[in-house]
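Letters are used for the chains, namely A, B, C and D, taken in the order the chains are written, and counting of residues starts over at 1 for each.
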Amino acid sequence: MDFPVDMRILKKIVDSRMSNKKAEQVLMSSRPDALRIGDLFKVSGKDHQNIVIENSNAKLEGIGTGWKRGTIKVIGNAGSFTAQSQRGGCVHVEGSVGDFSGCGLNGGQLVIDADAGNGLGASLPGEKIGMNEGRIVVKGNAGSRLGNRMRRGLIAVYGDVGVGACCSMISGTVLLLGGQANLPGTHMRRGTIICASEPSLSADSFFEQVCKDNTYWNIFCSYMEGCNERIHQTLLSCSPRKRFVGDLKIHGMGEIFVI
Amino acid sequence: MLTVIKGGTIYDPANGINGEVRDLYIDSDRLVPCPATDQHIDHVIDAHGMIVMAGGIDIHSHIGGGKANIARMMMANYFEPEHLNELDADHSVCKHAVPSTLITGKEYARLGYTLCFEPAVVPSNARQAHLEMADTPLLDTGGYLVLGNDDYFLKLLAEKADAQKLRDYVAWMLDATQCIAIKAVNPGGISAFKFNQRKLDVDEPHSHFGITPGQIVRSLTTAISDIGLSHPLHTHCSNLGIPGNFGSTLSTINAADGKPIHLAHVQFHSYGTEGKRKFSSATLEIAQAVNSDSSVSVDVGHVMFGQTVTISADTMAQFRTKDLASPNKSTFMDIECEAGCGVVPFKYRSKNFVNALQWAIGLELFLTIDNPWQVFLTTDHPNGASFTTYPHLIRLLMDRSFRNDMLSTIHRGAVEMSTIKDISREYSLYEIAVLTRAGPARSLGLKDRGHLGAGAVADVVLYRPAENWDTVFRHPVLVIKGGQTVVRNGEIIHMPRGRTLRQGVDFDSGIEKELKPHFEMYRTTRFSNFKISDDEMSNAIGSDVVYY
Amino acid sequence: MTDQKMYRFLDVVCPFCGLLCDDLSLQVEGNSFQIDSSDCPLSKAGFLEASTRTALKPRVNGKFVTRKTAIQAAVNLISNAKLPLVTGLMTDVAGIRTALNLVEYLHATIDQYSNRSFGINASHIQTNGGYFTTLSETRNRADMLVLIGSQIPKIFPRLIEILDFSKTDNPRFKRPRKITVIGEPCEEFATILEKIDVSVTIECDLQQSGHVISVIQNQLGKRKDRAPITHSFPISAIQSLVQDLEQSDYTVFVWAAEEISFPLGDLVVDSIFRLIDVINQSRRAAGLMLTTTPSTTTANAVSTWRYGKPLPLSFRSGGPEHHPDYYAWDSIINRGDTDLVIWVGGLDQSIEMPDCSMQKIVLSSKDHEDADVFIPIAIPGLDHDAHLFRTDLTLAHYLKNLHMNDGHSGAETLEEIYSQFKC
Amino acid sequence: MSHPNITLNGILIRKTFAEAFPMKATRIVVTARNTVWLKHAVNSVTGFATSVIACKVEAGVERWLKPSQTPDGREGAAILFFAMSGDQLEAQLRDRVGQCLLTSPTSAVFSGMDEGKPVALGRAIRYFGDGYQISKKLGNKRYWRIPVMDGEFVCEDVTHRIDAIGGGNFLIVAKDIDSALSVAESAVAAINKVASVITPFPGGVVRSGSKVGSKYRRLIASTNDAYCPTLRGLVPTNLPDDANAVLEIVIDGLNESAVGDAMRDGIVAACLGERSERILEITASNFGGKLGPYHFHLHSLIDCA
């Protein structure tokens, strides 16, 4: 496969509970020369709730778009727009994903074992609200503009992130557990960013507070205990050293914890 | 080539035909009288049992121009790519509040409309409006030129220039912008808003030019009747949407001094201040004024529930409602010292008192204005609702029990405030044909449109009768445009280019000598680059001009 | 055939920047254009380059061929391509209309060359809207001009003149009109400001301009009980600007998207509109966004009315889909999501076509030896009639053919290619 | 028909029943930095909450919680609130959380009940934050963080309420007040070990048992004269001749079995407690079955023991 393949049709096929044979006949797009599912995949099994995509690569785009219940496991990489507007269930990519994955996420869980591209959990073009619910865990690095306009939910990135994470964030929680983040939380209104190492912030935009025992932090840690062991260990091993509030430019009252 | 449409039941109010079974003959693009018996007929269309009407005419629908384009941009994410809808049942319905030109043309044709008027062509934006309308297939189009907020006109008025000069200016502008009628949008108000005046009543002076909306309406109606334009001043009155604005609407009618005047989307201008919520219907007063004065005509601008986007040149009114925007975003523009533009997305909700009452007021207007020739069927697309709701609206007018069923689904307070539950009137097919065909054509002076007499342009629509009028009008069996079958059973089979309808006017070219320095002094375009020629229309813009 | 007689044209529209100034007077003799009304460097360079053109011939694989052969070669390349990308689009309404037809038919992707910077503004309109104004409105109403970015006079040499701000003591205004510049100091600006009496400069890194604007907003805003925003630049200039804003009747904020297209530059636009919103609560203000090439505004206008969405657009799954970043031409080339790049030029004199490894069909008024297929086309507005949209998105100009050039327009050429598929 | 009287440790258990009525109840969890400030907070929020008659709510500590048992890892207390209606419960909770817990240094408040109808907790008082309050949703729980002078007051958005029972009771009839107090203390200590119940009166004990009505028109209840030792001879009495002190223990519980268990454990502890030899009998208060649908017969409770 040299060219992008539009996988958004997957949800509709699963929802319609059509037979495997019929599913293989479904056209993947409305182009006249469109491929059928069967041209690329062999459909087998009976479980509509647990989909496994084998031998996936970065050209399969939009896997898990609008996904509501059940799991999708992607063996290999996935392309851009993975889990776009996902509403429930779990999408697990055992590799990297492309740009704008988890865009407009509205519930459920997206787990990425390797890296994610730009605009992870960001807003769809023209939408005022980005990720609105749900959880994204990236075990590798993530690109720029992560969590743009995010409103609710949780994003955790174990590795490094690109410039402008949590730009125009409305609310929600983002954990940046890797290296230094560049200009996170610009124009953030509310929300919590937790940085494992001191981020590069515009000094005029954020006010630094001394952070001594924070009740909410404890609640958050005990919540994370139920979610993911590795993150929980990181959080518990250190308590927040600093708290920044901002973005003052827009009278924001978001917070950035440095642990 | 001679075609006959045989045995259809004809509703042709312009020729007084009310449901008679007759044959219609089409020769190339025109309807012709019954030919001699020995003449060969090439093609027979069987219309037995069908309702036959002329092609629909929408007198007020925002289908082109900069503001529609901004609205498209803002609402772009409100529809899903088509191919993802294919597994859904209902993918043919257009979900976009302001569809693209291609979809607009197709959807109008599917509803049996063949002619459509863009009611707010801003002079400097006229070229874009015509470009967009030329890209709207299947529809003939025309534009109303927005005047009454442009600096030059206001200045002439403030300087008490003589009527001849005003008249020449209006005629020159109409000619230069290839329009068919003149529209006044919140006369003086858009300009006043640029000078930070937030409200301007009909008798209130503009803070900079010192003239009142009343004066503007008076001078424009005078100019229009002097020029001899068929369509009266197409007026978007002052104080749109403000409770109690029916007073301004009545004052505007008075300001016309007995000259013909058309009130656009009058539903938005018929509000009172009674009741505990200080918002009520004033349709009684408006309907009385219309019923007692045959020189007044209105289009309703009916509201339907759901997501839409309001677009208007009335920056002043639009800016007032920007906090009600849903989704919360809005675009405004001050344009070239001529007009403005405001785009505010809006969601009308049936359980919201104000929205429900707006819905009821629209119906009250339709049902209490006695003469169907004085009222036209519009939703002020997309401001009240998309034009795709027309069949539903027609059903509301023709079917009282359906209307009453709908009443039970809306806000109860609004039902109590409204009189529609007591109105038993039901529109007949003949009257619907007046509202949607014959009336608009007569008002715009289009002698060969909107009727099925010999010599008319062969725009013919065949409907199959059914219990539900919504179904009847939503799915015409056949739509013929200019003698060519364009839609058969909902399927588009031809996509002809439309033409631009305009009115030819005379003016003293002396006005050009005065305008030229004005352009050089005040504007950022030159006089010679402003005018749109017929040649440009047909060769570069792509729409041939038809003079009326 | 070219007519060698000399003609004189008045009120000619210049297609070489987004302002589309329409008051040029030109002497045309054959292919040579001589401006004698304006010393705008962009116009001069554009017309000069057009004058010094040599006759171009179509090429296939670098070898000269007939036009017919070249068109056929282009058709063949397109037929074999899986995912063509149409870009450049330095053309007029007709060219863009035809390109869109072709792209829809081919299920290809389309983007305009300099759409990235316009996209900052388009995205803002899409998500938030805004309050905009146009050139004449600014010329006649604005008693205060705030320029964000000091390169504006370089990118739009005649802007200040068109807005009638060359002299600030215009008798039509009650008070002297004022100009404020927010941005890095630069030479061009210094020369302009020298001539103007009333002006303020706030010197800052342009990346900081969003912050400066927010500080101003904070000073003007109603919630003065909030703690003032901290800042590391001197407050005096800002305070005097705030005073000016409080007195002005109609303030216009001007920026060139091109100049602020750094990472997070879109937030500067966001800040500007927040400030405009605050001012509009009690006074009047609006934004004037500037786009460098008229083709960008034109292409976006046409694509929006045709498909309901601005550029870039992709039809690769069927319907038109828009994503400002993902379908941008440079993203597509970087990802390798195309096998054929179709470049549509015309007004691309000052632009180098991006280097890429894909096959290339180039329609341009400039020679491209390395293209797989090169077909020369004429320059819109000089060699053929053209519609172009001005930077303020409102006004379309009709540019007329200035000489009897026998060149084919981009639209004609694309139509020739397209017609091979239609039948 | 006459049944033999039951005795426990020689103490007569009357053949009668305690009459209880339906209430609405909720549980919240309060935590604080240390025991001292936890107690201050708890005392305050459960203060003046003995009887719904005038307090509108009955409240008490259900149990004390170890740091490992609380959401924020600090010491805490589970507190139950009982009221006659859901609206009243909500109003009281809002006022008490606002006045007693929001004010108390270092405190935090969480929901102690996950099912039933939602009752506003933080949702009702978040506006104290004047727009600076922060909402955080973790999983399906929402927390409000309200800025206050010692940092942040963290408060869960809602707790929940369920149908519960109020007015479980028994009376200890003793020869003298010292012994009555002593066994009442033992009884309350035993009841405190039962989950889902509280004893809302001071120290868990009430001395002013009441009857319905009064000679004064305005009063709806007045002293239970049949159990007042000093009125013996003036009115018909329910007291044995040598009884000189009667104390009542009132129990509110989340369900019927919890109230029954608490009554049984309390009665048994009373009968086996120190100085129980001076206890004459255990009885219970009822209104002939007119007040409430729940009847706790002392004999059947003891039979089960």
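Please note the rule applied: a contact is a pair of C-beta atoms (placed from the backbone, for glycine too) under 8 Å apart; a residue touches a chain by one contact, two chains touch by 3 or more.
Everything numeric in this text was worked out from a predicted model, so none of it was measured.
Participant: Which chain lies the greatest distance away from chain B when centres are computed from Cα atoms alone?
Facilitator: The most remote chain is D.
Participant: Is the number of contacting C-beta pairs greater for A-B or for B-C?
Facilitator: B-C
Participant: Between chain A and chain B, tell me the centre distance in angstrom, where each centre is the average of that chain's C-alpha atoms.
Facilitator: Distance between chain centres, rounded to whole Å: 46 Å.
Participant: Distance-wise, how many Å sit between the C-alpha centres of chain B and chain C, to the nearest whole number?
Facilitator: Measuring from centre to centre gives 34 Å for this pair.
Participant: Could you put a whole-Å number on the gap between the CA centroids of chain C and chain D?
Facilitator: For chain C versus chain D, the centre distance works out to 76 Å.
Participant: Could you put a whole-Å number on the gap between the CA centroids of chain A and chain C?
Facilitator: Computed value for the inter-centroid distance: 35 Å.
Participant: I need the residues of chain B touching at least two other chains; which ones are they?
Facilitator: Touching at least two other chains: 74, 76-77, 82-83, 329.
Participant: What positions in chain A touch 2 or more of the other chains?
Facilitator: 8, 29-30, 125-128
Participant: Could you check chain C for residues that touch two or more other chains and list them?
Facilitator: 126-128, 317-319, 322
Participant: How do the chains pair up in terms of touching? List each pair.
Facilitator: Every touching chain pair, ordered by label, is A-B, A-C, A-D, B-C.
Participant: Residues of chain A touching chain C in their complex?
Facilitator: 2-4, 6, 8, 28-34, 80-81, 99-100, 118-119, 123, 125-128, 144, 163-164, 167-168, 183, 186-187, 202-205, 207, 248-251
Participant: Using the touch definition up top, name the residues of chain B that touch chain A in the complex.
Facilitator: My answer: residues 74, 76-77, 82-84, 86-87, 327-329.
Participant: Which residues of chain C touch chain B once you look at their complex with the stated criterion?
Facilitator: 10-11, 13, 22-23, 93-94, 97, 122, 125-137, 139-141, 162, 249-250, 280, 283-284, 286, 301-302, 304-310, 317-322, 385-387, 389, 393-398
Participant: Report the residues of chain C in contact with chain A in the complex, numbered from low to high.
Facilitator: Those in contact with chain A are residues 82-83, 107, 123, 126-128, 210-211, 214, 218, 223, 226, 229-232, 263-264, 267, 270-271, 274, 315-319, 322-326, 336-337, 339.
Participant: Going by the contact rule at the top, pick out the chain B residues touching chain C in the complex.
Facilitator: 64, 66, 68-70, 72-77, 79, 81-83, 96, 98-103, 122, 124-125, 127-128, 131-132, 135, 151, 193-196, 319, 329-337, 343, 522-529, 532, 536, 539-541
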